[in-house]
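Structures given as structure tokens follow.
Below are two complexes that have subunit A in common, paired first with subunit B and then with subunit C.
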Partner chain A sequence: MRNRLKVLRAERNWSQADLAERLDVSRQSVNAIETGKYDPSLPLAFKIAVLFGQAIEQIFFTDEAAQAAE
Partner chain B sequence: MVAATHSPQTKRRKLYRNLMLAALASLVALSLAYRVSTFPMQWPLTLVLIACAVLAVVQFNALDEVAKQAHYVAWYWGAMSALLAILIIAVAVETGPASQIEGLLTPWLSGATKQTIFLTGLLTAPALMLVGFGGWWLAFWLRRR
Partner chain C sequence: MGELSDLCETSIAPREVSRRYRREMIVASLFYVGVIFISVYVARHFTPPRWASVGLALASAAPVFMMMRAYGRFFEGLDEFQRRVQSDALATAVGIVGFAALTYGFLESFAGFPVFEGALIWVLPAIAIVHSIAAVFVRRRYQ
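Moving on to the complex of A and B:
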């Protein structure tokens, strides 16, 4: 899975720690999700989507979809 | 930049972690005191052990999902690896030459009571499982830095 978390975070000028606080997770968890090394659960994905005001599929997408877009 | 203040959940996690560290430090201190003191330490030790068990549950429930996943993965693979190592050691001890095994154990357990030998055997398994857990836990986070 890939995601646009880093871009969305940068647009708001939030650090990983800021985002972690808003999501009630640790900074390490945000980093793991952001770098694609951990796929969040559906509840956490929804929480991220609500926080950024976007649909889940606008934030998270498969490797195939990312390659097709490139 | 709009910095987020520490959420109540983050504060709770830090509190539980610090309480757990304090409880573990107390456990070590009481265990060492047990060796030198004539005071009956079994009750304070039991109480601290119960506190550790309760705190472990509370602390685990407060972890975020990635930290919980790290614990699941580390406990499954770490403990399984340790159990496999224990079984290999058990087979080696059972089938290996008795003189070599006795030679290895004598410096460690010469003069030990049967109770000490029993407890050593009993606690070796969870100790190895904890080592396995620690290794896999560390690997989980290093791979996700």
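Moving on to the complex of A and C:
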């Protein structure tokens, strides 16, 4: 899975720690999600989507979808 | 269970969760030392009836249950990613220790390797130690 978390965060000038605090998770968790090393659960993905005011599929997408877009 | 990784800079558990875990582990460890001291003293200097021996054995295990409960509370205090790290490390530890114990059991049975009396006592501590080491490596995998 890939995601636009880093871009969305940067648009708001939030640090990983800022985002982690808003999501009530650790900074390392945000880092692992951003780098694609860890895929969040559906509840956390919803929380992220709500926070950024976007649909989940606008933030998270498969590798195939990312390659097709490129 | 021992959390060696708490001492490393890669530790990611929330501070208050780590603090509570450390406090509960210290209390359980002190209780463990006291109970073991009494149990060993009684076993060496007296010949307690069987029911008392069973009681001593169970009393010795009680602090270990406290440690496991402390780890359970520690685990509950983590976020989902941290739980994943802990789960992966625990699965790795159980696999390694279980496989090592099984392999040595075969060596005992078929190759005449020395039989360690009371070896079962060391299974849980071995899992705890390997878990602590595995957690450091698992965490690095996600960085």
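The rule we apply is simple: the second predicted complex is superposed on the first by the 70 of 70 C-alpha atoms of A that agree within 3 Å, B and C clash if a C-alpha of one lies under 4 Å from a C-alpha of the other, contacts with A are read in each partner's own complex, and residues count from 1 in each chain.
Everything that follows uses one rule, which is that a contact is a pair of C-beta atoms (placed from the backbone, for glycine too) under 8 Å apart; a residue touches a chain by one contact, two chains touch by 3 or more.
These numbers were taken from a predicted model, which means no experiment stands behind them.
Of the two partner chains, both subunit B and subunit C are touched by A:S29.
Touch criterion met: A:D18 reaches subunit B, while subunit C stays clear of it. Between subunit B and subunit C, it is B that contacts the larger number of residues in subunit A. Once chain A of one complex is fitted onto chain A of the other, the partner contacts of A:L51 are absent, as it touches neither subunit B nor subunit C.
With both structures placed on the common chain, the touch criterion links A:M1 to neither subunit B nor subunit C. Residue contacts after overlaying the shared chain place A:K37 against subunit B and subunit C alike.
Residue contacts after overlaying the shared chain place A:A66 against neither subunit B nor subunit C. Across the two superposed structures, the residue set of subunit A contacted by subunit B and also by subunit C is 24-26, 28-29, 31-33, 35, 37-38, 40-41, 44. For subunit B in complex with subunit A, the touching residues are 1-7, 9-10, 13, 64-67, 69, 141, 143-145. The part of subunit C that touches subunit A in the complex is made up of residues 12-14, 79-82, 84, 139, 141-143. Against subunit C, the residues of subunit A that register as touching in their complex are 24-29, 31-33, 35, 37-38, 40-41, 44.
Of all residues in subunit A, only 12-15, 17-22, 24-26, 28-29, 31-33, 35, 37-38, 40-41, 44 touch subunit B in the complex they form.
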